[in-house]
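Just below sit the structures, each encoded as structure tokens.
Below are two complexes that have subunit A in common, paired first with subunit B and then with subunit C.
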Partner chain A sequence: MSRSKGASLFAFCLLLPALLYITGIVAYPLVETVNLSFTDAALKPVTKWVGWANYEKIFNVNFSTIIVRTFIWTFFSVAIKMIIGVCAAVLLNAALPGRALFRILLMPPWIVPMAIGIFMWGWMYNGQFGMISGLLQNFGITDGPVAFLGYGRSAFWATIITDVWIGVPLVTIYMLAAIQSIPKDLYEAAWTDGAGRFYRFRRITLPMIVPALITMSMLSLIATFNSFDIIWILTRGGPSGETTTMIIDTYKTAIGSYKYGEGAARAVLICLFLSVFCFFYFRTVSRISSGDIR
Partner chain B sequence: MKNSKPMIDRYTWYETIGIYAGIAVLMFFVLAPFIEGFLVSLKPLALLFSSPYSFWPENGSFTAYFTLWDRVPMMGWYIFNSLLLAFVITVVVMCLVVPAAYAFARFEFPGRGALLGAFLAVNMFSGAVLLIPLYRLMRSLGVLNTYFAMIVPGVAFLIPTAIWLLRAYMMRIPRELDEAAWVDGASRLYTLRRVILPIAMPGIMVAAIATFIGAYAQQFIFALTFNSKTEYMPIGVGLFAFFGRQEVIWNELMAACFIGITPALLIIVFLQRYLVAGLTAGAVKQ
Partner chain C sequence: MNMHTKLLAGVAFALIALPGAASAQDKVITALFCGDTMQPAHAEFIKTWEGNNPGFKIQTEVVGWDQCQDKATTLAAAGTPYGIAYVGSRTLKQFAQNDLIVPIPFSEDEKKAYFPFVVGTVTTDGQQWGIPVAFSTKALYWNKDLFAQAGLDPEKPPLTFAEEIAYAKQIKEKTGIAGFGVVAKDYDNTMHQFLHWVYSNNGTVIDDAGNITLDSKENLEALTALRDITAFAEEGPTSYEQNEVRSIFLDGKLGMIQASIAAANRLKEANKFKWGVTNLPLGPSAKGPGTLLITDSLAVFKGSGVEEKAIEFGKFLTSPENQPVYEKQEGLTPLRPGPAVDKMVADDPSWKPYIDGISFGGPEPLFTDYKGLQNTMIQLVQSVVTGTAEPADALKKAAADLEQYK
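Here is the complex of A and B:
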């Protein structure tokens, strides 16, 4: 039944609305971005073809610093998310009373509107009166107020921590599901042989969740690389550009200064990096499913 | 420790303490902004802007929850807009995704893997990357500064995850059901409407809830860029109204945040069972 020509046609008809929608709202803009990146499109009536000029200009304005910064920001954010996520999943997997409640309490950062969570962090980081600075002073760790978002270095880490905070629930739920899908008899066999809890974690849990770990790191990597709201609300890329990632820079150029052409060139670079990530992701996934990695 | 737990699940006292201590640290990290935000919403502005820092709101009150409506009269609209946007986006996404997920789950047709990959690849691009052409597209469609400017792109980026979740659910519906209907002479469309849809309802609910949460949580960048009319703003952008020329009215801002959080919290409380089960079912089966 399902292999006949009629079935294929029916399937295409079912797919068509979603396909047309994605073509119009994602695929066409993507092509258009590439197109724009070779023009001097801006807030003026005529645009002309400028070849690679936009790309050359990007590398004259120290864009490589921004690329490096984006990679460092993304790397630490994803790494911390994965470490906390795996630890949290192991803790919440323990058969102790209250774990159902803790699993629910973990979800708010992911489920509440992102902007609201970020506003709350904005207050936490507030130099004069915020909680972190306040507690540090009350405990006598720092002498005066610390404006976390006022200095490049601390603002950089502050935005990472907020990004981790928003990402941890999803990573934890995913890793928890991976841990729960490990066959129980593996643990029982190891336990019968006298293997301790930590040994069982290291020799059973960890190897078994490697595929899920890779999948989640890649998904997390893509999402983090694209992260916009957090930095925009907390610092707008400041102070003095210290938290400007590629996406923030693209937004500032294109929407803030109306340089559509130059902005598009930056967007194309972001897409190139993302495609490289995706290439490695799909390669790894196919290697996992064919049994190379285990 | 005299219950009937299997031996392997028993913990010594120091293991128990260790696990709970770990959970406590985790919970503190996750919930600290909410706790602090709530306490701030109770404090009068003068106490907030005083040194040294005090954690507990002395003579705290819920005043901010009432005065915020006077300072930002559009607040009610922002919440309404957020819910409206999330609702419309969810309905449109589900209309597009239910047939598509069924097609992916049931039929073998040329290019199926590639098409599924193409849909999932959408997740790779955030709205920010495609902002420039989308802006021009919205302008040429004449929908800038309307609800549509936020709905149209919002829908596109929620389609992939919804397809993924629903496809996983529909693949578990036994094929024999379709075939039985086919043998009885039911048309394909009739089979989808009368046989598959009712059975897939729990899966559709999970996908719809996940889409609604996503639509409610991530409506910042399009609203920031494609809409400048106050009456259409969702809450994430609308909250900037509390940023005055001189100072931020933090206690009212936090109170407004908590009002904006309420719908999301209600979803967690009432639907968390579906949510965790549904999301994890889709996640691991691949």
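Here is the complex of A and C:
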């Protein structure tokens, strides 16, 4: 056996456990889901092949509205997380008094188990017992209780705010690391030339963290698009379906209504969207690695 | 391998193999119960049953209410069912039509022993598919202190839909506190609460022949009354489910609610204000006091290999001797009438409306796709209480939608 063949075999042996693992827990379920999406699988023991019927059905039951809502929900959630995350990272990087305390205060949303955090927000949004409604009444801003989860629009924004609360710490830490990796001499040179704080941020910080910004946005986009717990715990997709996103609809169809075939078709569609996001993510990472994005 | 190693290996093998060998002698009946913990009464009965049935072991699993139903269903669909599982009776038709459960033989005497309609909640096509294990009816609670503050007679609860709406209005206008608790969140009890209005007005959702009867004069009156009372209900009813509305009432911030006997127990504990409990007010088409009759059942799944014994176990658990112990522990409406129930009502008159309502009550409608039914009914209620649809239009649409789920 030649030396290069031996090296290849060794590399393959190292990869084998991971390959088997991925085949078992990713590839097989994925193939099964695609297969299921072409059947009428439900509670009955016998299933039959139905071709594209499940996919046709998806678009007959206002699924396009749900797709649009999912994109809007994801867009605002990611955008707000990125804006707050970058601002918080800049502040935590600055030589402010109490910076250590702010860094500690940033962590709870990330440390607290997600379900507990969401339940806490659920209580805060409660119209009768909730803190937000109580404060609004005490300050005379509203006449009576406000049930934030009782109306489509406010429930939609309430779920976004909760998602932002949970997601901001990770973005902040990531962006803080990116900011701290910027060479200090750039700032010193700019300062010597009389550049102000905002100018330094605009011309040094922002351009230098663009790769991190893009990477984090892509990762956040993938995670947020698939976000289930927040909406399910707070609203279950209601009221009147106003907070139903693709993943909630998929769960309701497959697990809630036991229409496994139709649910699988929805899951495949989500998978396709996420694959597109992942493609752009890996392309971006590759361009950053090759120095195309600086 | 030296002697020491052989000995250790032998001991290890014995430790692994022996428990398996011992348990292999017993036939296991897996049993799913819903809730946070195993109810002491059931735990006790299981021990007794195992003692009376050597060679059989009940392996229990307790799953939270939210996941319980889905877990039983998913495992059955996957071909690895529980032997017996606690399920909402509304699911039985779907299970039966998908060949997942076995029918339960009931003698005429066994059927007669139950309150009217209880057996109906587990019957499809003349066959029983579950053993009733829990029964729930509803009554109207009113806050006497709020009634007095609003200038209403605190000892005179509303008897009709019209009075109920008028009282709710007066409470809201005079005290600033919501007069009635409307339940309209994306939960199954939104449908249940509406069905109390339906059955208090002689309405139905589906008839014995399987025709959808939702779009009827009786149901229009019920839905219109619900729409009208929403104007005097808590703010944003689509964000509250039944227990949350009960919490608001217990806090003294609602004039009236429809609730189970559990509310009476909590009100007694809290002792925060004077209250009363009475029959649900009647609609203009009512023939007598009605309520939705909800039962949960023990369903015996096909393919466990111990179906007959599982039926025997289920019947033992819910026998006329054992069931009252469980009902008392859980505060459930009794499944069967009898001297003990008469005594219970005499000792605690709070129970009276819960028993009265049975005579003109109606079961949870049995549909092939009960989740489809539930979602349609929730959508119906939400569209009306949020003002996005008129009751007549919403009923027409819901009735048409229900055709696909029956």
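Assume the second predicted complex is superposed on the first by the 274 of 294 C-alpha atoms of A that agree within 3 Å, B and C clash if a C-alpha of one lies under 4 Å from a C-alpha of the other, contacts with A are read in each partner's own complex, and residues count from 1 in each chain.
Keep in mind that, in the parts below, a residue touches a chain if its C-beta (ideal position, glycine included) is under 8 Å from a C-beta of that chain, and two chains touch if they have at least 3 such contacts.
Everything quoted here is computed from the prediction, not taken from an experiment.
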>> Just to be sure I read the superposition right, which of the two partners does A:Ile66 touch: subunit B = first, subunit C = second, or both, or neither?
In response: neither
> First (subunit B), second (subunit C), both or neither: which does A:Gly237 touch?
Replying inline: second
>> Is A:Trp191 touching anything from subunit B or subunit C once the two structures are fitted on A? First, second, both or neither.
In response: first
> Among the partners subunit B and subunit C, which is in contact with a greater number of residues of subunit A?
Replying inline: B
>> Just to be sure I read the superposition right, which of the two partners does A:Gly150 touch: subunit B = first, subunit C = second, or both, or neither?
In response: second
> Where does A:Met82 make contact in the superposed view: on subunit B (first), on subunit C (second), on both, or on neither?
Replying inline: neither
>> Output check: A:Ile179 vs subunit B and subunit C. Expected answer is one of first, second, both, neither. What do you get?
In response: neither
>> Is A:Ile255 touching anything from subunit B or subunit C once the two structures are fitted on A? First, second, both or neither.
In response: both
> In the superposed arrangement, which partner chain does A:Gln128 touch: subunit B (first), subunit C (second), both, or neither?
Replying inline: both
> Which residues of subunit A are in contact with subunit B in one complex and with subunit C in the other?
Replying inline: 126, 128-129, 145, 255, 260
> For subunit C, which residues count as touching subunit A in their complex?
Replying inline: 70, 73-74, 76-77, 79, 94-95, 98-100, 176, 184-187, 234-240, 244, 247-248, 251, 253, 369, 371-372, 375, 378-379, 382-383, 386, 388
>> Please output the residues of subunit A touching subunit B within their complex, sorted ascending.
In response: 1-3, 6-8, 10-12, 14-15, 17-19, 21-22, 25-26, 28-30, 32-33, 36, 84, 87-88, 91-92, 94-96, 102-117, 119-121, 123-124, 126, 128-129, 131, 133-135, 137-138, 145, 165, 168-169, 173-174, 176-178, 180-181, 187-188, 191, 197, 212, 219, 222-223, 226, 228-229, 232-233, 247, 250-251, 254-255, 260, 263-264, 267, 270-271, 274-275, 277-278, 282
> Okay, in this complex, where on subunit B does subunit A touch?
Replying inline: 5, 7-9, 11, 15-16, 19-20, 22-23, 26-27, 29-34, 36-37, 40, 48-55, 82, 95-97, 99-100, 102-104, 106-110, 112, 115, 117-119, 121-126, 128-137, 152-153, 155-157, 159, 163, 178-179, 182, 188, 192, 213, 216-221, 224-225, 235-237, 239, 250, 253-254, 257, 260-261, 264-265, 267-268, 272, 276, 279-280, 283-284
>> Which residues of subunit A touch subunit C once you look at their complex with the stated criterion?
In response: 42-45, 125-129, 144-151, 155, 235-241, 252, 255-258, 260
